[in-house]
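The first chain written gets the first letter, and so on, giving A, B, C and D; residue counts start at 1 in each chain.
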């Protein structure tokens, strides 16, 4: 009985993230449009795009290898699994113990690995640009987020997300410098990882500064749909990650009743909305930076994360 | 048991002279490698039996050879059993691979005799139970591998590589010799049992630690003692490169563990400081160097340095916790290190074999002359891909597991008492994270430039898939990489006796945890389940594909690449290895390599081509080794005058010596 | 009187020297030479079976037994080598049969004098023997009559004579020290008597004596800064003689030093000879290792490596103690075998390539695999890589002395490393790499070379107990 | 032995040292050879005296050798050689005479100090003798290293060897003295012949670096 309930919760979680991801993107776009005094695309536009792409033929470059065709599914699968393991509305996910925070980050890493390869498969100039920049960004972003995780995990005494979330939810935490730094670092990394302004411009399709788009340039049809969907999933994942670590309020405890779950869900939606609007404001208020300023941008995150960890090491209380 | 093992080693040794004769014949390589394959497999089996059955008493034996009054002591305990497995599994894989690869050997007479001897030497190092046999085998290992490095002696570069290699090896051995000199304290008691029994004062033990770190580190390739490694490993035939990188560096790790964890007794906290302070930078620097290379095998060699750094970091953590008394966590860190030893042996051998396959298929090691091999060599491409993901420490493969365990150990370290450790461990953690990310970048480059895209040369375009033996060896290794990532619990449990013997405790028994999950230590609430993650990935992936192909379209049209509307047929427009790593070079290069980009623009109006040259320095070589060489060169030049003196001057020397001695007497 | 082994090993060379001086045909002479050497060797071996009795003038004990057997053995193998070596020299007309008669006679005379020096029970007799040995080698070094050869011989002659003079003075001093205790006459120069009574000698006199002996015989050992004659003599003389010089003569001089060291070891008041020997040993090691780097002549290079190894041996004996002494003896034996083997190889190589210039020799393993790999093996052995014997002795030297004298041992290790670097640097291009020089195959007798190398290899893995016991006794004697 | 004998022996030994100093002072080859003859004669005398004092007739042989061979044959033949080589007017020292003298005095002092540490267990004569002998030896070496010319270096060597003989004969009842002195004479004969044979005038010193380069194939 308990097991079934948990299974349902877990399943709900999986499909919830899948369903919410495009909406989130749509929301961000809409908000940005409003901030720019534009009408903007309808909120559900991302779903429409996905469906359209899914229905279209795939146009493959002549010398694309089998890897090129497999990768979209890999990326999607990996990202989805990762997203499904991040607590959203409730903590006690059935399978949350199967992968901790480090593993989730590593899963995203695998996705990025695959995407970078895809960028190089066809052997075009743009693909190479994208991949090489992507790995450069990742080589700074990954350490930053890992160290952030260290800081958080050392406070919470575990890298297990649900445990962390519970701990953060409990009143034992209080306000901590290291947590603040960690949050800041995590936000920066999230922006970089999701190819948002100022690191990358999700709206562009032909720019010498593009990174993500350059890699997926050769994709079309269902493959492109999958990749877009996984990108949206990734954004959702990061936001829920921040949410469950730094604003754990309202999330349902493990094995909580239906009401609690509903409260959690509502709380979760509100968190998403909040983060989305913050993101939109941020993106509209800042300009895209040159590719080689990005390292400095991420370096800040790295430093902050390291500082947080050091503080944690040096004095248990801060 | 041990008798059997020694007999097997003896067979390997006996094979060497036989090989001299066989190397002339056509079937020679087949026989030699076949025999080595059989013997290594047997040894591996023996070691596995011993490792998996901790109840079995430790077997030792003394042969009447070696030092006369001492004899040659041999012993197989858990530690040596584990490393025997590593050595001989690597040996077996390499032999299997060489069954096919060896046929392309131009001068088999320079490879075949040394190959089995090399395998035997590595085995003896692990089996040896007294200082003398240990060092003999240790240096014999260097010697045989050196012979293999210079097997292609026509290339002066290889000769230079061999020279640097043998010199560094000699340095390492002499330093270890000093270490044992301290340990035995001038008494003739060289057997490990006696050394174990004698307890050194902290100061002496510290000296031994540093000496051991120098000696074993120079063989393992710790920065800044690594310079020989990227020269020597690529120079050897690829199956030997695999052995050197994948296995011999591990034998060096064994030597370090044997001396520091086993012979030296209780550690001091500052030991771990030293190890961490070296291990972390080694990891980061190694992979940075790797990123800057364009020679496939050299990339792999440098990445070996990175992994050695990770391993030594693990060992350093283990020492820290052991010194502080929390041996449960020490066991975690130690197991992480050993697991990484095994994993790295697997995927590094795999990658070197792959590089060898590419070499046979195209005759090229320079990645910028490759490309598109995934079309010409599909199977090799698959296994290479597995290797690349595994070494990048990404799930669901084995590299991630050991990295994950190391991180868990780091996360459990805040309560360590000493401030030095409090400050250094997070930094090291950051360096490891950086190394992991850069490794991913590095191997995206390896696979992306080498196997994806379009062929950059005719050789790459005409490449052929390699023979069955080579493929079999590589697939075996690839499969193990996957298993190690999906069912890590099995491997961790197998390591328990080793950890028990070395740090006095072991990780919780993983098989008893449901769903093949692994937990670092009982208290911590972190866990990772490779199996489930893998299952989920397969599940969701297949769900997606099936659903899409069923419900949406599954049609495919082939068309020329779009490339933003600027398609160009010339493969030259593709990103090259160096251009791929250019952004990272921009970020780290100036600091680590003093890299500069010098651009020469033609004057306005002239049609000359503008050229961009990148200047990079190996700061360690230029700052550390070149000066030494210069000093020696200067000294030799100055002192060489003594060859050209006149007889009178020589007499003056004698005279002065005489007078001096007399003065000394009369004082 | 009956001829026992002791007198036999003196008589055989002496007689055959006389015969060879008269024998015309060089082939026959070469054979006779080899036979005589073999006979001497066998007689020496027989000493292990029936111990000859030491007399007033001749003496045999564990110490010199080791040396005698080694000397006669290498004398024999070197004879075999020289037989095939001179064949070629005759063929290319570098030597004439007339010279060869002289050569063979001198060879046996050298054997005689060295054996005499080893078995002499009288410090005066020993001194005479060493002098004779020196003079004979001087004549043989100059045998090619080339400018360089004469040059080398002359240098050797002058420096050697000075060494002899100093050694004699030391000998006289020892006698002076002994006389008050033992009384006038021959007894005061007889080893057995000296050693038994040395405790009562005047230490100050002994000290001065040892200084002179160290410098005198040290010149023969080739310790820096007394080494000057050694490289040129090795480089310019016929290769068999280079082998004998490096393999034997240095040992004989060393033997003399050891004898006197034993003398001082007995006497409590005298300064321990250790420090002096250690210092000179270290100087030699460092100096010779550095000299290796800029050598152009392959034989001269190995001559310097001999200096280095003599330094190591003297260091070991200087440090003293059972382990170090054992190591010293072992190292001496191993070095003799290895170095002579190397010279055998080098001799044939120089004949094949027609030059001794390192720059003109290359890729031997391609053109002459046996010679090339043989030389490589020899070098691997001489730089102290396992599993060959020298590694064992170096292992013992370093590991047994490090705790006693960390700094000195570190310097020694440093020297070893430099030497390794130097030899490998020079030899790499000779054995591997591009083929340089003529590619004719050598008509050589590889037996001596590989016999030596096989012995060295064996010793590195397994030392026969009888040898070990002998060495250990000697090590105890040396204190 | 009583006072007079002692004094005479002492005086002879001392005068040998004096002779060495005179040699050290000479810078003309001719003069050098003459002084060497004197040196050898003094040696012969002192050896003879020792023979008489020690009642050791065999020492007379040594004395005879010293007188005939060293004091007459060698100098004469060397005279011939240098005339033949046309270097008899050569004026040469590598180091200035004054400096050499000072060094010589220092050496004598050194040998005194070294020998006087010897406990007078041995009879006084031996001790003094040894001191003188040692100084003669050292002075001989000094001559060898301060002279450029081959012949004068040989002379130095011979004076050194005279010191040895002095010591040997001073060592009461030392066996083999005669043999040794003979052996040495042979040695010296070799050297002289060598000089004569190879026309060595400057060879001792002429092996300059270029020559070595050329000869030894050690050219850089």
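Here is the rule we use: a contact is a pair of C-beta atoms (placed from the backbone, for glycine too) under 8 Å apart; a residue touches a chain by one contact, two chains touch by 3 or more.
What you see is a predicted model; the values in this text were computed from it and never measured.
Touching chain B and chain D at once are the following chains: C.
Two chain pairs, B-C and A-B, are weighed by contacting C-beta pairs, with A-B ahead. When chain centres are defined as mean Cα coordinates, D lies farthest from chain A.
Taking the mean of all protein C-alpha atoms as the reference point, the chain centroid lying nearest to it belongs to B. Rounded to whole angstrom units, the spacing between the C-alpha centres of chain A and chain C is 78. Each chain gets one centre point, the mean of its Cα atoms, and the points for chain B and chain C are 44 Å apart. One inter-chain figure worth recording: chain A and chain B are separated by 35 Å, centre to centre, where each centre is the mean of the chain's CA atoms.
Centroid to centroid, with C-alpha atoms defining each point, chain A and chain D lie 99 Å apart.
Shown for chain B are the residues that touch two or more other chains, namely 643, 647, 651, 654, 658, 662, 665. Multi-chain contact residues of chain D (touching two or more other chains): 114, 117, 141, 144, 153, 204, 207, 216, 218.
For chain C, the set of residues touching two or more other chains reads 154-155, 158, 162, 166, 208, 294. Pairs of chains in mutual contact: A-B, B-C, B-D, C-D. Interface of chain D with chain C (complex): residues 114-115, 117-119, 121-122, 126, 130, 133-134, 137, 141, 144, 153, 157, 160-161, 163-164, 167-168, 171-176, 179-180, 183-184, 187, 190-191, 194, 198, 200, 203-204, 207, 215-220.
By the touch rule above, chain B contacts chain C in their complex via residues 64-69, 109-110, 131-132, 135-137, 139-140, 143, 150, 153-154, 156, 159, 162-163, 166-167, 170-171, 174, 177-178, 180-182, 184-186, 188, 190, 632-633, 635-637, 639-640, 642-643, 645, 647, 650-651, 653-654, 656-658, 661-662, 665. Within the complex formed with chain B, the residues of chain A that make contact are 54-67, 69, 73-74, 76-78, 80-81, 84, 95, 97-100, 102-103, 106-107, 109-110, 112-113, 116-117, 119-129, 131-133, 135-136, 138-143, 146-147, 150, 153-154, 157-160, 163, 206, 217-218, 221-222, 226, 291-292, 295, 302, 305-306, 309-310, 312-314, 316. Across the complex, chain C meets chain B through its residues 154-155, 158-159, 162-163, 166, 207-208, 211-212, 214-215, 219, 225-226, 228-229, 231, 271, 276, 287, 290-291, 293-294, 321, 323, 363, 365, 369, 380, 383, 385-387, 391-392, 394-396, 398-404, 409-410, 413, 416-418, 420-422, 424-425, 428-429, 432-434, 460-463, 465, 468. Residues 94, 107, 110-111, 113-114, 117, 138, 141-142, 144-145, 147-148, 153, 204-209, 212-213, 216, 218 of chain D are the ones that touch chain B when the two sit in their complex.
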